[in-house]
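Common to both upcoming complexes is subunit A, partnered first by subunit B, then by subunit C.
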Partner chain A sequence: MTLLKREDWYDLTRATNWTPKYVSEDELFPEEMSGARGIPMEKWETYDEPYKVTYPEYVSTQREKDAGAYSVKAALERSRFLDNADPGWISTMQAHYGAIALAEYAASTAEARMCRFSKAPGNRNMATFGMLDEVRHGQAQLYFPHSYTRRNRQWDWAHKALHTNEWGAIAARHFFDDMMMTRDAIGVSIMLTFAFETGFTNMQFLGLAADAAEVGDHTFASLISSIQTDESRHAQQGGPALKILIENGKKKDAQQMVDVAFWRAWKLFSVLTGPIMDYYTPLEGRKLSFKEFMLEWIVAQFERQILDLGLDRPWYWDEFMRALDETHHGMHLGVWYWRPTVWWNPSAGVTPEERDWLEEKYPGWNDTWGQCWDVIIDNLKNGKPELTGPETLPVVCNMSNIPIVGTPGNGWNVKDYQLEHEGRLYHFGSEPDRWCFQVDPERYKGHLNFIDRFLAGHVQPPDLMGGLKYMGLAPGEMGDDAHNYEWMSKYAKAAS
Partner chain B sequence: MFSRLKQWFSGTENSKREGKGSAMATQNDDRLKNNKVGPVLRSGDMADAAVDAAEIDNPGKEISVEDMRAYLRISTDGELILKRETMEECLGRPFEMKELEVDLSSFAGQIDINTDRARFYLNTAL
Partner chain C sequence: MTEAPEPLKPLKTWSHLAANRRRPSEYEIVSTNLHYSTDNPDAPWELDPNLHMQKWYRKYRNESTLKHEDWNAFRDPHAQVYRTYNLLQDGQEQHVKSLLDQFSDRGHDQLLDAGWFDVLLKLYTPSRYAFHALQMGSAYVAQMAPSSTITNCATFQTGDCLRWLSHTAYRTRELSMASPATGFGEKERQIWENDPVWQGFRELLEKTLVAWDWGEAFAALNLVAKPAVEEALLEQLGKSARANDDTLLGLITQAQMQDAKRHRDWAAALVKMALTVDGNKAVLKGHIDKYMPLAQKAVEAYASALPGLDNAAEEALAGVRTFHNALDLA
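The block that comes next holds the complex of A and B.
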């Protein structure tokens, strides 16, 4: 028997729209869930997904992917990699799993929204597979860290983090809720699958895989790069939706969705991916700097694709380009300084050799962030560790929910972008963060970031211990310096 | 500890933020001006075969390969084709185009894939 080629029958079987007789089209596809934006059904039927797959193909391919990732895990289990891994790398994995694993499960719900409510049959078909993909990502990224939970309680945060009010978890949840849990089907296809998955997930799942392979963690490298093969398929749901929006006079809407999602993803990655690539990953394992990976994946690849699909650069492009040399250094300094408030042990990453590397990758580093680290190093050298920990609260952005940072030292430019809305004063870390709020204040106005909650009396007692309790961080979970300050010996020696 | 909210920032609203990065930002921007397309494959047999196949299936074009140890980025300008038959020859075993997905972690440009070939392309040239 000769099998037909997929392209000879696919279009016919995918055409699953029908004319409803018992309910109206609006009841079948409510606007708030479908997001058709006034574009008629027949236009959505022209949706042509570029990366096609059928159910039998999907099952056999996914089986092969899982067999690969799980067999690498099983084969390397006895290599005791983790016993000898640099503590900075352990922190990298703990930060990754906590911020990502449950968000993957949530992404399954977002895919399910497209699967049920998109008016485009092709979108519904691909989202069926996307939904299954995200279950795979959630399960694998809980299963792998679960085998480490007997080592210490911080591994438990792979599952626990997004259930808590830890500040980073609030930031991640606010972002993912905004991009994927509270958008209509077309919004999800643009903001989650196009803006986030075509672009930023490459940073965390391929850039970081390159670092993982370099430090010898082939289990992690294999798992996350395998996950990304699902992403590269289901991320292709946004492109055809964009095309239909643009063809039907909705370019402005599409551009705005992409610009909001892009900026918000950038800010989340500046606190998650930036520090782990440039400070936690052991020096010899850093394949590229965070900025170099951003230039590879986000500028050269993703933004180029945005232009090719007929959208423009985001209006804040110059500020984004400028911030590539700045934001994540500030985030790292903040995370290390407020280290009891995270579920991993931040690596300082500022030995003399690491500083040389930072100066090479980011000329001027020693003159700016270096000056702050000099003070921390002096305090540690002079036996005053209490001066290197949190005394006060940072000002936190009401959009990104992460601290407001800028360049310190000789390049000082730290600034609070404020907005008064309905009698409440909001603080933002940048003009684009404030703009995200301004284009849809109803969506964001009620949210309280960690500092708002503190000032509103939710945190009791209102001190560090109360704050840690509110964040769900018990002893054994809260972070401290990854290397137990052993890196300071390099400075003690230099002084003597 | 942790009891007072200190305003540790200064500066005014509505003025454009400047930093030492302004000159570097222009350099960063240069990276956008490219027409590179092609697959990013997890390292292994399939990636190696795709490197060979890319040379065969895109005659006259310069194929660049960046080896990042965890993945290989294979690219050329404008359009890159990988044919099923060529992949089969390079792998030395039967190959179906859908198998590419097992290792296709990402790609530059847009994708168009059917039973006989995968094609990576851009509509516009910069």
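The block that comes next holds the complex of A and C.
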């Protein structure tokens, strides 16, 4: 065997910058697409991706990974896991696939942005693998749920969700489009790969995989942990770009991109992942609480990476740490209350045992969130289920596009952060949400959130039914309590 | 109050495929209608409608001169999905790896003629720039295509171009070890930027890379620039290599041509689909007419420098034309 080692020829694969002659450099790399921020081409050539992989290594490794994930699926198909799975776990998968599958596929376009427009040759090659990776993630996360479409129409939303104006889909698109689809190549490398993928995909793909393994869903666990191995590779595209920005006096730009993307990712996860981990996943399957996962994956690891690279903690770090105890509980309450407006069946997750767990993980839960649930439980007990569902619309944040929540009950702190900009009044769920708008109003100012559309007459008839129609939700798709309120029997017994 | 409608019944597949009579294939299940950004033509992205990237996608994708009501109906003739792409290309790479291994064991490069090293430095190893330009161009088509089935073809094509570039890089290092004095791995940029044999390709590729309209980008890249590069740098260079005892290069270019054939298959299928709409023929012909003179110049400058061949430029251009003739664009 006389084959060259990777390091013998790797550098030549990324010695690919040339000086254009028949078009100008600015034409070849338009600033709005490339985002070089005035840093010259030679500086970008120092970009050194820490995770190096060659084309032959890539296709070989990826072939094996797919063989693994698909064969686990095939082998476990007959175990009929889903027939006996807790409805809360089914909701977890439905929420996950609907919010994630097409967004992953869209990330392939963001990778393609770097591949075509980054001035860093190493970035362009790594993004080529990234493009392929995200096609993988989109395709696998469609293939797996597709086998369930015969069970229930909600599974259709694995493909359908992001094509609709369902409020969560609007929120997801607003976030992903802001972070990855409408940014220049360097913006993508910082906001998508560094700020989002480095921290948050670990939460969704490893945290959730740990829960999946606990509840016995080995198909899902092996799929998403396999996906994460790709994420942890292509997430490393942002670091070297950050380094170049900082070395060339662009730390402020870099810091701002990180701060915006990080906060926005946190808000999306507070509504998607928080409820899944702390309420939908059956109690015995909860490996760690959402907050504990966040502390492990985000605070411990990501914070260190930010500091190692020479950036600062985001200015809102204290507020973020505080919100870890709070935001997702409000999101969960809101999603359960407005359950017809989502494509899965939210699991209430508030049996006495679950409340003990919540109180242990989030001291004070019973005094705050618990009080709201007490009212809901009383209404259900007294045969007034109509009082446990929506009649009015929530106030929705013009940044996160999710309802504005705060701590209720004895810890009441719900607040609408307002801003008037060019004659329009905007509402935000927090100071950092408002700040994201203020640093770049042109990106957001003309966007209408669900409530803005409702008030503008886009939703007809202007009532709940019209709203559901606008969101693409019909009976058979719209959510209801995951356990069909059976969990209430524990309270009925306690009362009698 | 009206009666609550009947709950929707579960379906055997995605609702958007349910009307088809055929059971959907794995390819269709995982490849069709994946771009949500084509749903609202006025605002591709869920942000302020006047943002730069909204305008870019409205102008260069939604308002492209290449038109079709339903680009989502496009199907890759090879029905390639990510899983099968890796199966195929891992097999292909095993093949190339065994070529590299065997030829190296036999001391292939030590048996090459000294003059041939100079030819390779001038005409072969700078190809990494050309292949990389094709990689970048493919990534542009991938991010701008109006349907996911088109995007996927362009995405796999991007990977294949990186594959070709990788072969060149690998061989460049081997050649620099066999002939340290020639300048392999050092002089390619300078040659690519200055040697007259490359300037035609450089101009063609630089101009192809700034074709922003997605239809024009597709035509410039997949109908003109890429076929021209393939005919000259794979077919004719391969032939020249075989004529000069560089069997290895001849075999590598042959392996690469397999990818090129697949790319031409999807490009031809897309043209065929486009031609069902009035006006598209003129649009596509217009793009080809715009870039073909550059391709002709490029191929002539490059291929006539290939040693050991009589009609390399003519043959290369004939190869491009044969592809065009099969597209029914006349």
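A few points about this structure:
Note that in this section the second predicted complex is superposed on the first by the 495 of 496 C-alpha atoms of A that agree within 3 Å, B and C clash if a C-alpha of one lies under 4 Å from a C-alpha of the other, contacts with A are read in each partner's own complex, and residues count from 1 in each chain.
Keep this in mind: a contact is a pair of C-beta atoms (placed from the backbone, for glycine too) under 8 Å apart; a residue touches a chain by one contact, two chains touch by 3 or more.
The structure displayed is predicted, hence computed values, not measured ones.
In the superposed model, A:L82 lies in contact with neither subunit B nor subunit C.
By the touch criterion stated above, A:A474 is placed in contact with subunit C alone, subunit B being left untouched. Shared-chain residue A:V414: touches subunit B; no touch with subunit C.
In the superposition on chain A, no contact is made by A:C372 with either subunit B or subunit C.
Only residues 5-7, 50-53, 57, 61, 64-65, 68, 202, 205-206, 209-210, 212-214, 221-222, 225-226, 228-229, 231-233, 236, 239, 287, 291, 295-297, 299-301, 303-305, 307-309, 317-319, 321-326, 363-364, 368, 389-395, 404, 406-407, 411, 413-418, 430-431, 451, 454-455, 462-464, 467 of subunit A touch subunit B when the two sit together in their complex. Residues 1-4, 8-10, 12-13, 15-16, 18-23, 27-28, 32-33, 54-56, 59-60, 62-63, 66, 70, 102, 105-106, 108-109, 112-113, 115-116, 121, 124-125, 127-129, 131-132, 135-136, 138-140, 142-143, 146, 149-153, 155-156, 159-160, 162-163, 170, 173-174, 177-178, 181-183, 442-447, 474-477 of subunit A touch subunit C in their complex.
Residues 1-13, 15, 17-22, 24-26, 28-29, 31-32, 34-36, 40, 42-43, 68-71, 98-99, 101-116, 122-124, 126 of subunit B are the ones that touch subunit A when the two sit in their complex. Against subunit A, in their complex, subunit C makes its touches with residues 4-16, 26, 29-31, 33-37, 39, 45-54, 56, 81-83, 85-87, 89-90, 93, 96-97, 100-101, 104-105, 128-129, 132, 135-137, 139-140, 142-143, 148, 151-152, 155-156, 158-159, 162-163, 165-166, 168-170, 172-174, 185, 188-189, 192-193, 202-203, 206-207, 209-210.
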